[in-house]
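So that you can tell them apart, the chains are marked A, B, C, D and E in the order they are listed, and the count of residues begins at 1 in each.
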Amino acid sequence: APTDEADTGSDASDSSSESTSETPAADACTPDTLETVADGTLTIATDDPAYEPWFVDNDPTNGQGYESAVAYAIAEQLGYTQDQVAWVKVPFNKVVQPGPKDFDFDVNQVSITEARRKAVDFSSGYYDVVQTVITNKGSAIDGVTAIADLADAKLGAQVGTTSYTAITDQIQPSQEPAVFDTNDQAVQALKNGQIDGIVVDLPTAYFMTAVQLDDGLIVGQLPLPDGEPEQFGAVLGKDSPLTDCISGAVDALRDDGILDQISQEWLAQQGAPELS
Amino acid sequence: MPPEAGQVDTAWQPSDVQRDRDEWRRRRTLRSAAIAAGSTLLLLGAIGGAVVSSPGWERVQETYFSWDKAVSSFPAVLDGLWLNIRVMVVCWILILLLSLTVAVVRTLRGPVAFPLRLLGTAYVDVFRGLPLLLVIFLLGFGGPALSLQGLPTSPLFWGGTALVLSYSAYVAEVFRAGIESVHPSQRLAGRSLGLSYGQTLRHVVLPQAWRRVIPPLMNDLVSLQKDSGLIAVLGVSDAIRKAQIETALDFNYTPYVVAGVLFCCLTIPMARLTDRYARKKGYHGAGGTL
Amino acid sequence: MNTPRRSSPPLRSSEQRRGDPVPTELLRLDGVRKSFGDNVVLSDVDLTVEPGQCVVLIGASGSGKSTLLRCVNLLEVVDDGVITFDGRDITDPRVDGDEIRSRMGMVFQAYNLFPHLDVIGNVTLALRLVHGVKADEARSRGLAMLERVGLAEKATARPDDLSGGQQQRVAIARALVANPRLMLLDEVTSALDPELVGEVLDLLTELKGEGVTMLLNTHEMGFARDVADRVCFLHDGRIHEQGTPDQVIGDPQQERTRAFLSRIRY
Amino acid sequence: MPPEAGQVDTAWQPSDVQRDRDEWRRRRTLRSAAIAAGSTLLLLGAIGGAVVSSPGWERVQETYFSWDKAVSSFPAVLDGLWLNIRVMVVCWILILLLSLTVAVVRTLRGPVAFPLRLLGTAYVDVFRGLPLLLVIFLLGFGGPALSLQGLPTSPLFWGGTALVLSYSAYVAEVFRAGIESVHPSQRLAGRSLGLSYGQTLRHVVLPQAWRRVIPPLMNDLVSLQKDSGLIAVLGVSDAIRKAQIETALDFNYTPYVVAGVLFCCLTIPMARLTDRYARKKGYHGAGGTL
Amino acid sequence: MNTPRRSSPPLRSSEQRRGDPVPTELLRLDGVRKSFGDNVVLSDVDLTVEPGQCVVLIGASGSGKSTLLRCVNLLEVVDDGVITFDGRDITDPRVDGDEIRSRMGMVFQAYNLFPHLDVIGNVTLALRLVHGVKADEARSRGLAMLERVGLAEKATARPDDLSGGQQQRVAIARALVANPRLMLLDEVTSALDPELVGEVLDLLTELKGEGVTMLLNTHEMGFARDVADRVCFLHDGRIHEQGTPDQVIGDPQQERTRAFLSRIRY
């Protein structure tokens, strides 16, 4: 299952806090010099199954979906062609384990946090996360506009996500949040009326309300904790030699507006009302 | 009434009294059986009816019992099942070996065997106590992370090791109960023939223990078959994981049901065969009409 | 051992049947047949036991002695024939077998005490469950019965801690405690050490002296001679000879009886 | 050499020959025990050494055995364990009741009981065959989806039902083996006293079957304790789920180890107690020095 | 039954000991003592068995007869005293018990056949495993032995399908097939139906006629009288009286022996 999560997002520009320079020399980051696991090939990992709208049809190789497109863009930025990119399916638990890795980096909606940096490296963030509350029409929290009104709700989230932390830290409901292995199990529970609402990132919220729920609706988005954006970043092995290059590539994509372009293409762009 | 002496074996005919009785018994049996069958069916029907006529049934049926989805997900799930089967077979053999060793060690007596017994007991206690998932995590991720020379990093290797270690602790207890259920006089009879401790164990005690532990072993084999899927957390795809992947495409849970049916197709014949085998090997059974 | 039997509470069935004419025989078998599959174990067996009588079955191993007792105890369903107990056809399928069994006492070859209960628990189980006797009274009746078989001090022992002879005496006490109309005893000494045989046979002799009706089978010809009112010789599921012990054991008329008796040597 | 007759019981003194032998045996026992203990320790030491001195040990230690993380995650994991315990206790009672019923039904004979027996067999086959996770999915999500009147939608209710149904199928087989291991003559003895079928079952057969099934039941109880956590997929948090949540904060897996240790703290005393109980209840054991 | 014993292959131990002076006694117990916890079961037992002799132990249940045989078979470790077998002190802890046991044949009270093996499998198990006889030869020796006990046609039957007497004869064949120097027989007829006792005792009488050395215990006084060269009366773990059958059984000197004999009535 995909996993994101964080306490406090770190700023995109200083995300690779362990790297010495923000923009490494471009010539150090070519397919010839990069110490990838397979020479001349960029091996990218994600979980199986991979969910929309981040991937489409559980097939990362088709370049469709936000993260698949970003991954190919990073590869292109580093000078790899389409067919020099290999995908491997790696469960999330394995990505963050110590030990040798059989991939160069992993994209799997993983939120960047300082605590996690003790275990893995992160690239610069490639997506700014907003946590959103969704529900079914007519539920107990239909029409809620203030966070305080969610206090008695039974909310659900996926395990290991920052959405869960958002419930416990920001909403602080009286009922213990329900934690699910995957988002679609949370959706099932919502349909059954076992929970009142789900907290997910905004793009997933759009996908769920539009596709998975018959009469789902977005209640609103949670305000950013202390104003800092939470970001998804690519995950690399601890002290990976590639971290700086990947971060450089992400930064370049952001600066060139390519990330925005990809986001326009794959993620619904309407905002949601912010809960007070 | 009674038949003539001398023609009993060949030409016995039931007396009138007996015919009456037989008739009465036949009618009563029929009636009772009909009542039993009827009430069973009624009960099942009532449950089924309640389910089918419930407001949510249509949605449940679509989500869990969609024929199209079953057909389309079948190949993938079957493919995953193949992994379960291979893991199960290999691990089961290793489990039998390891658990038998541990069980034998735990039945040794005397001060000489004390450290071994202690080791066996500690092993059983710890690995029976630890959740299998944890053992798989520790070995499956921790093992390769140690980067030990000569040991493979394959998730199948480490996941299999975790399964074997965890299950052997359970199965060792089953074997121990079996060994302890063989009457001590059998062991004495073996020793008095000049057989050594090991020979007696091998040729006298274990063959008898073996028959008695078949039903509980069967239980463990069935659950191993299913737990073999837990090594999916290490990144290999078993039937359940494949079902999950299929489910993610359109959030239809039918593939899980397909996996369940496939599992049943494996375990039910296995259970029936074991039952027959156990019975042939002389389970007498306290069940009876009296 | 000195509690006379007649001081026990009156028998249930004789209360029920008050007023009816008392039939002369307590148990009567007419043309009883029993087979297991193709194996005809009993055929055409006629036998009567009068109240107070002690009838002894003798015969080779496999001749059907145990099967006969089990049929009378309704532990087996006969193929044909009628068994009348206390004036009632108990082979009728409409009869309540549990109730009939509760009025007989049966003791098996291998004593079949319940290993999970102590001695007094074994003796009082049926009293409490079947005869509806209160725990207190059951206990005191059980203790009295144990006293009678000479085992009062073993009341709280486990059956496994008793010798074979003691176990068998407990089994007899268990069968006897509910004042059965008829005692069925299936080779009650054959699993015992020879010196323990004596104590059980002594007990049976005593019971016979007290007028307990008994149908039993045994291999102890000496004992059969001493206590039996009538001896029946079974061979291949048929009664070939019956009469007083002196007739059947002392002076057998049939060739088969003689052959059987000669094989029992030591 | 031998002592004088008449003083045997009180004043027996071993003869010189015997003293020699005793001395020789004592020395040999000591030596063998030392060898056994030594080699055991050596083996464990070697494995431990290899692990600790491996290149990846430091990372592994940090990830799995971090003291700080253990302390910080302990309260949450303990809180989750409380759920496991509650679920386990309630479900275990229900499982014993249901499985005993099924086992008894499966040992009935005669045509009258045929439909019941069929139902019992089908139940055991299906629910033993289906992976527990699947049963939890089907009931936990499907059950509430039916929107049946009068039934709660609580995941604890439906998850508990799934556990009870699944485990009872296993435990029923254990009970059945136990019932069938009671010698038929015991049943006959009960019936001949006038006890009814049910009374004989209740007062004669089951108490004896009970002792024999204690070790396998223990196995099942231990695994129930752990599988009780599977209902976490329905959104309630058990010890393992809590550990997972803690782990997600910083990708440190120590909370899993904390959960494992807590589980062991529950199961090991339980196992020791059952062993003692089973032994007291008269397990003779074919183990012995001969 | 007509294969003479001496036509069997020569005994292993007599080959090993060729040249040594043959000791007059085969088995000798000196001051043997055995206790279980506080319960002293044997004390100060002296006994000798000469080659070809048949020594019979008699005594009440619990007097220690089985324990004595088990001590000789090294199934129990004595507390004190010396047992010499074939000239060697077998109570010495340095002795290889398996090797000693392989030169004795022991038959138990409750016959202890292996239920998972067929009859021939039971008989040949030790031949193959202990005496290193090839499967073919073991089989033919086993069959010859079964022939001798009159059960050749039951070679492939399961023990559970045999009658008690047949089972016990198989157990004797199993013990005898490896040509033991000494046969130990622990109440081999006490679990049998009286009419089956005869066939086993006949076999033993025959073995005795062929010169097999036997140490046995029995409750069949008639048999003891017929075959024993010497009878030993055990009481409370001590040998109180020994001598010829006519002396001990016919004319017991000790009060205890008389009391014991009088208790065995039927």
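By our rule, a contact is a pair of C-beta atoms (placed from the backbone, for glycine too) under 8 Å apart; a residue touches a chain by one contact, two chains touch by 3 or more.
Note that the structure is a prediction, hence the values are computed from the model and not measured.
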Separation of subunit A from subunit E in touching-chain steps, minimised, is 2
For subunit C and subunit D, the touch-path distance in steps comes out at 1
Chain centres computed over CA atoms; the one at greatest distance from subunit C is chain A
Ranking chain pairs by contacts puts first B-D
So, in whole Å, the Cα centroid of subunit A is separated from that of subunit B by 42
Averaging C-alpha coordinates per chain, one finds the centres of subunit C and subunit E separated by a number of Å equal to 37
Separation of the C-alpha centres, subunit A versus subunit C, in whole Å, is 84
Listed in rising order, subunit A residues that touch 2 or more other chains are 97-99, 188, 191
Subunit B touches at least 2 other chains through residues 59, 63, 137, 141, 145-147, 186, 188, 191, 253, 290
Multi-chain touching residues of subunit C, meaning two or more other chains, are 75
Chains touch in the following pairs A-B, A-D, B-C, B-D, B-E, C-D, C-E, D-E
The subunit E residues in contact with subunit D across the complex are 30-33, 40, 43-44, 75, 79-82, 91-94, 238
Note: in the complex, subunit B contacts subunit E through residues 185-186, 188-196, 199, 203-204, 207-208, 211, 282
In the complex, subunit B touches subunit A at residues 59, 63, 137, 141, 144-147, 153, 155, 232-235, 237, 241, 244-245, 247-249, 251, 253
Subunit C contacts subunit E in the complex at 60-61, 163, 190-191, 193-198, 201, 219-223, 260, 263-266
The subunit D residues in contact with subunit E across the complex are 1-3, 5, 8-9, 12, 14-15, 17-18, 21, 24-25, 28, 290
